[in-house]
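Next, two complexes with subunit A in common: one pairs it with subunit B, the other with subunit C.
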Partner chain A sequence: MSTSAALLRIRGLCVDFPRGGRVLHDVSLDAAEGETVGLVGESGAGKTLAALAILGLVPAPGRISGGQVFVQDRELTKLDEEALRPLRGRLAGFVFQDPSASLNPVRRIGSALVESAMRHSGLTRKQAREGAIDALRSVELPRPESAMRAYPHQFSGGQRQRIMIALALINRPPLLIADEPTTALDAAVQSRVLELLQRRAKRHTLLMITHDLAMAARFCDRLYVMHGGRVVEHGPARELFSKPRHDYTRSLLDALPGRRASVTTHRRRRKTPEALAALRGLTVRYRGARQAAVEEVDFSIHANETVCLVGESGSGKTTIARALAGVIRVAPGQLRFPALNEEDPGAAARARHLQMVFQDPYSSLNPRWPVERIVAEPIRTHRLCPREEQKDRVAALLSRVGLDPGQMDRRPAAFSGGQRQRIALARALAMNPRLLLADEALSALDIRTQARILALLRDIREERKLALLLITHDLTLAAEAGDRVIVLRRGRIVEQGSASTVMTAPRHEYTRELLAAQARWRPESG
Partner chain B sequence: MRRYRRDTTLVFSGLAQRAARLLILLLGVNAILFVALGLAGDPALMLAGEDPTPELLESIRAEYGLDLPAWQRYLVQLGRMAQLDFGVSLFTGQPALAMALEQLPGTLLMATLSMALTLITAIPAGVWIGQRPEAASRRVGAALTAVAQGIPGFVMALVLIQVFVVRLGWLPSLGYAQPAAWILPSISLGFFLAPKLCRVVSAGVAEAMQEDYIRTARANGASMRFILWREALPAALPAAVALIGTQFAFLVSGVVLIETLFLWPGIGLLLLYSAQNLDFPVLQAICFVVAVLVFAVNSLADALLRLMDPRLRPTTQ
Partner chain C sequence: MTGVVSRLLAPLKASPQLALGAAALLGWVLLLALSGLLQTHDPQFGDLTERFSPAGTAGHLLGTDNLGRDLWSRVLSGLPWSVGVATVSCVLALLVGGTLGLCAAQYRGYPRTIINQLVDATLSFPGLVAAIIIVAVAGRGFWPLSITLGLLSWPVFARIVYAESLRLLAQDYVTAARVMAVSTPRILLGHLLPGLRPVLAVVLTFHFADMLVAESALSFLGLGAPLGVPTWGALLQESRDFLIVAPWLMVVPAAAIALLVVSIHLLGDGLSALDRARR
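This part shows the complex of A and B:
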C-alpha cells in the first residue's frame, strides 16, 4: 500500500464544472516508484479527468476545487499554468486512447518529437534529434531515421501508439500515464503494445487507465476502481479480483465475457432444414485490389441459430455483411436466400428478410430525427401497417428492446450508447426480419452494457425464431454468444465449428494465436 | 510505413493533364467571348464616327474582316490565337496582346500588395478569434468580420477615398508613381478577400483546438503560443489556401472595380476602356491573359495544398 516512497500521491481531489457540478469527488490515489497502478471503471467514471488533473490539464471550464496532488513530493494543484508547463512531459508523460487523433496529421513525427525534447531543456536541435531517434528505437519502431520524416497517417494504429509512447517518454518522466492505450487497436496489436508498455514500465511508474478489468488485473500491481467520479474500491490486483468487496466491482467482474452468469455455449439446437442464407464459394474482389477481400467462403445460417464471424480488421467480415445486405453485387449462385424462393430477391424483399444493426450507435441514427421517426421509417417505407397504428407499433417495439416508449419524441443525442443500440435494434425489428445481422454492434459498448444487449439479442432470437449473424473481432465474446463460430483470416475461413470446440480445441494456428492474444491479458479462469 | 513519391514529381505530377485543362479553359473562354461580343454591337459603327456613310462602314468591315460570316471569323481568329496573335487594337493599332501585357505589372503590383495586407491581417486575426471563439471579445471580432464580409469592396474604396483623400487630405487617390498612392487601392482590394480568409482561418483554428492532438501538445508542456501557431494553424492553413485558390477569379473582378475607381493603370482599367469601345482584339487578349493568370494561381494553390496537407499526397504502393 502507500509508502513514503510514493512517487504520485493524490489526496481528496475534487473537480467541478460550472454547469455539471462536481464530477470528481474526493479521489485519493498512490503510486510507488516502479509500480504499475490501474484505474478502472466504465466510461464516464472520471478516470481520464483524474489523470489529466495531475498536471493541471482539466479541460476548460472545469477546475480543481479541492485536494492535493504530489509528484515526487511536489504539490502541483497550487501551481499556475506558467509554473506547470515546464513540468508537463518531464514529471509525467501521457499516452492517450486514440493514436490517430492524438498526433497532429499535418506535422512530421520528427518535428513533434524534437520540439518536445528541446522545450524547457537546453538541448541543441542536433542532440534533440538524436534523442528522438533513440526514443523511436526504444519503442521498437522499424527504421526510426526515415520515420522521423514521415507523417502520422503513414503508420498503422499500433505503430502510431508506439510513436505516442516515444513522445510521452522523450523527456524521461518518472511517471507514465496511459489512458486506454490499446482500446482503439486490434487484439493482436493490443498485446504487442501492452508488452512494450510493460517492458517500459520497469523503469517508470505507470498509471494505467482502462475499462477492461481483466486486462488491468493481469497488468497492474494495484487497482483503483472508479464509479461516478469516486474511487469505490482499491487494493492489490489479485485480491481485488478474487475477493471484490464493493458491489460495483462485483458487477464489473460478473460482466466479463466467459464469466457471465448465463453462459450458454454448450447449448445444442436442432437445425431447421431450411437455410435463411447460404453462401457458396462467395468471392468478392474490390476494383483495383490485388487480393480478393473475400475468397471461396461457404457457410449457411438457419433459423433460431446464432453464428459468429470472427477475425481481425481486414479479414473480410464486413465485406460478407455487405454482400448479404446487397450493398455489393456478387456473382450469381454465390449467395442464395432459399427461404425467399428467388435467385435474386429484390431490395424490398431482401430488406424484409434481413436487417442490420451497425457498429457505431452514434453515426448510424439520424441525429435530427426523433426516435419515433427513426423506428417508424421502415414501417412507412414498406407500408407495413396503417398510419394510425404506426405509433403503437413503435411503442411496442421500443418497450420490447427495453426502452421507455414515453421517450419516443426525443432525439438520439438524449440517449446513451447502449440505448442507441437498442433504438437501432428496434428499427431493425420493425421489418420483422428473419435474419438479423449485427456488425460489431457490441464493440463500442462497455462490458456491462455489452452483456445486457447480448442477453436482449438472445431473448429476441428465441422469441422470434430469428437467425442471428454476429460479426466481431472478440473471440471470447463470439464464443459466449454464438452456437457456431467461423474464424476468418484474409478473406478465407480458417476454422469453423461449435463455439465450445473452437474455444477449447482450436485446430488452426491463427485461432490459437487470436485466443492467446486475447487471453494474455485476461485473468486465469477461476 | 507507407512512403510518398519524391516531392518534386508530386508537385509537377499531371503536368500534361493540367496543360490539357488549360487548353479547354482557353477555348471555352474564347468561344463565350466571341458569342458575347457578337451580341454586344458592331465595332465598325464605333470606328466610323458620327453619321457614317454605308460605303465607309463597308470599307471598315472589309478592312477588319468583319464582313465575313461568323463561323469564318471564328476560325480565322482561332487560328491566329493558336500563334498568340490577337490582332491589333481597333483604336490604337498596337498589337492587342502587347497592350494587355504592358498593363500587367500595375495589376500585379496591386494584387501582391493587397494579398500581403490580407495575409498579415487576416491570419493573426483569425488565429486570435479561433483560439477561444466563445469569449466575448472574440465574438465581437467574429461579428465584425461578418459585417466586413458583407460590405462590397468598392463601397469600402469609396468610403476610404472620402475619408482619407477628400476630408483629411492625407493620401493621394491617384498616381501610380508615388508609393503613397498605392495604399488606398491595396487596402480596398484587400477587403475583397480578408474578411472571408479571417473567418476560414478562425473556424479552422477553433476546430483544430478541439482535437486530441492539442491535448497531446499541452500534455507535453507546449505553450499556448506554440499550440496556436505550430499545431492549430498548420491544420487550418490548407482550407485557407484552398479559399485563396478558388476566390482568385473573383478577386479579378475586384481588380477591375478598384482600378476604375483609382484610375490605376492596370489590366482592369484597360478592360473597361476596351469594353466601352468594343475593341474586340484587346478584350480577347485581356481575357486570355487573365485566364492564364487565374489558372496559374489555382495550380499553385493546388501544389501548395498538397505540400501543406500530407494526406493529399499520392503514395507509392
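This part shows the complex of A and C:
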C-alpha cells in the first residue's frame, strides 16, 4: 500500500492517562481513499480511544503524548483545540454504538441535521434543509420530509442508526468513523445497516470499529487487530482471517461460534420420561398491549438437555423466561413442573427447582454487597446450611465457577463482566436447581469470554445433570450449544427441532432469513 | 481500636469536601452541646446602659440589642430550638414520605394511585398558608411547629423514594432475589434501603437546611416559637425595627443561618461525591 495516497495516516500514536499510565502504545494505521478499514479487538483494547484521538477528542485527563495523525496530509496533532474544532465535522463523521444515546431526544431530527449543515458549510437555512432531506434520502429512510419533523423516539433502532449516518455524512467528510455501529441492533437490522454503510463507503473512507471479527472480515478491505492498546497484527482482511500470524488473532478466531474447538457433547441423549418444566399454550399479554407478548407456546424441558430459545428482541424470549421463573404470573395450567409432583408449587419449591442467570452482569449483582453476601443470599434465605458452613459453601461454589474464593469480600465493581457472570452462576447454583435459565447470559460478553463461560455451563450441566434453557438472539451460538433449538417470532414458535436440523434444513422462512442475515457477514466457517 | 478509627476516617481523607463539612458539623454539635456554658450573659435580661452596643464591643462580641441583651448569648440560646425544629420535622417528613413512597413503588394499583394523588394534593397546597392555618388552630410551640413543617414537607421524600425505588426494583438483582423466592420485606430491607441511603443522605441535608429556613420564616412571621424564645427567625423579626441603627442585629442571626446551611450542604455534597466514588 502506498502511504502517499492515504487519506488517514496515524504514526506511532501514544495516549497517556495521568493515573492509568500509557493506554495506547505506538499505534500506526493507514486508510486509503475509498477504503474500508476495520479496527478489531475486545472491549478495552483501545479501539475507540484510537478513533477519538484522530480528531483530538481524547477524554480528559488523558492526552496524546506522542505520534502524529494526518488527514488529507494535514497534521492534526499539531493543531490546538481552536484550530481543530471547525475541522472536525468537515474532515470526519462519527457514528456511535448506541443511536438512542447519541441523538438528542428533545430535538427534531431535522433541526439537528440542519444545524450541523449550517455550522460547517455556511449554507442558508433553506439550502441546509434541502441538504438534510437529501442526506436522509441517501440513507434510505422512508419519507424523509416527514422524518425531518419527527423526534428520535419515533424511529426504530435501525432507523435511528441510519439517521446517525445521515448526520455524520451531511457535511460530506472524506472520513467516516463508525464505532460498533450495529452492535446494539438485531441480526436482520444489522445486516441492512451494514449494507447501507457499505454502499455509502464507496464514496468515503470508512474506519470501522468492531469486536466482531467475523463481520469485520467480510466487511472491510483491511483489518487492524488491537490488543492491550497496541496493534498486534494488520493486513488484508481475507488473508488475516485465513492465515492469522499473531497468537491473539488466532485465539479470537478460535472463539467464534461454530469454529470453537469442539467440546465433546453427546447430542443423542435418552430423554428422561418426566419433564422438568412444561409449557402448554402459554399466553402472556401485558396490560395495555395490543398484541400478546407470547402466544400459545408449547414446549417442555427435560433433565440433561440444553434447549435454546432463539429470536430477535421483542420475540418473547425474555417473557417466557420470566414466566418460567415466576416473575410474571400466568394463567393456571399453562405452565407446569411435572417433576415437582405438585399442582401448584410454592415460590420456595419453584426457586429450588429452577434458577436464572441474567443478561446484564452489571445490574444482576447488587453493587453494594460483597460477593460472599451475594452468593450466600439464596443459602441464607432458604437456610440451606448451618451458618458456620456458609462461608465454606460460598468458597466451594466460587471455585467451581473458576473464581478465587479469596476474593469473596470484594464488591462486584472489582470484577470484569465475565467474572460477574461467573458470580451470578455461582449464586444460581447455590440453590442446587435442576433447571437453569440463561437469559442472553452470554451476549454482553466479548467473544473469548463467551466461549469460556459456555464451556463452563456445559461442564456444570454434565456434572449436575441439569437442564439448561439458553436464551439467545444468536442462531449460530444456539446451534453450537443446544441439543434442541426453538425459534420464536412475535411471541410464537415458528420452528423447533434438533440443533443440526434447524441449522442445515430450516423449514420456516423466518429461520432461513435469520440464518441468511447472520451468515451474510460471517465468513464460511472453516 | 485504631483500625476502627482509621476506617471511619478513610472517607474523610478521600473527600476534602466531606472532611470540611464534617468538621463544620462537629463545630455546630459542640456549640449545641455547650450552648448553656458558652453564653456569657443572660439571653433574656439586658443592661439598658449598654443598649445598641455594636458588634466588637468589649464584653459583647456580637453586640447588644435595643434592651442591651447580649446577641452572642441570644443566638446561642436560640440554636437548640432552631436545630430541634429542623431535626424533628426532617425525621417526620422522612418517616411519612419514605414509607409512603416505598409503598407506592412496591404495591401497584390502588395504593400507588392513592399515594400519588395524596402527594399531588399536598404539594398543591401553598405551604406557608397551610402552616399559618395549622399554627393558628394548634397554637404556637415546639411540637406544633415541628409537626406542621414535617407534615407539609413529606411529599419531597415520597417523590424521591418512589422514583428511586422504582429504578432499584427494576434492577436485575431484585428480580434475581424474587426468582430465589426471597421475601418482599427482605428485599426491601436488604436491597432497597441500602440503595436508597445515598440519595436520602443528600436530600436529607438539603431538606434540613430548608426546614431551618422555614422555621426562621415562620418565627419571623410570628407563627413559630412562643414569645420570648430567641430563635433565629425571631431574632430576625426583632431586628427589622432597628435595621438602620443596629444592622448587626440582622446580620448576625442571618449569618448564623447561612453558616449552618452551608455546613450541612457541604456535608451533603461530600456524601454524594463519596457515593459516586464508591461505585
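Just so we're on the same page, the second predicted complex is superposed on the first by the 519 of 526 C-alpha atoms of A that agree within 3 Å, B and C clash if a C-alpha of one lies under 4 Å from a C-alpha of the other, contacts with A are read in each partner's own complex, and residues count from 1 in each chain.
Basically, contacts are C-beta pairs under 8 Å (C-beta built on N, C-alpha and C of every residue); 3 or more make two chains touch, one makes a residue touch a chain.
Keep in mind that what you see is a predicted model, and the values were worked out from it rather than measured.
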According to the stated criteria, A:106 is in contact with first (subunit B), second (subunit C), both, or neither; which is it? first
Subunit A residues touched - subunit C or subunit B, whichever exceeds: B
Applying the touch criterion given at the start, work out whether A:154 contacts subunit B, subunit C, both or neither, answering first, second, both or neither. first
Is A:381 in contact with subunit B, with subunit C, with both, or with neither (first, second, both, neither)? second
Thinking of the overlay built on chain A, is A:406 touched by subunit B (first), by subunit C (second), by both, or by neither? neither
Go through the superposed model and pick first if A:350 touches only subunit B, second if only subunit C, both, or neither. second
In the overlay, answer first, second, both or neither for which of subunit B and subunit C A:142 touches. first
Mind listing the subunit A positions that touch subunit C in their complex? 322, 325-327, 347-348, 350-351, 354-356, 358-360, 363-368, 377-378, 381-382, 413, 424, 427, 431
Contact residues on subunit C for subunit A in the complex? 171-173, 175-183, 186, 190-191, 194-195, 279
Subunit A residues within the subunit B interface of the complex: 55, 57, 59, 85-90, 93-94, 96, 98, 101-107, 115-116, 119-120, 142-143, 146-147, 150-151, 153-155, 159, 164, 167-168, 171
Please output the residues of subunit B touching subunit A within their complex, sorted ascending. 1-4, 211-213, 215-223, 226, 230-231, 234-235, 238, 308-311, 315
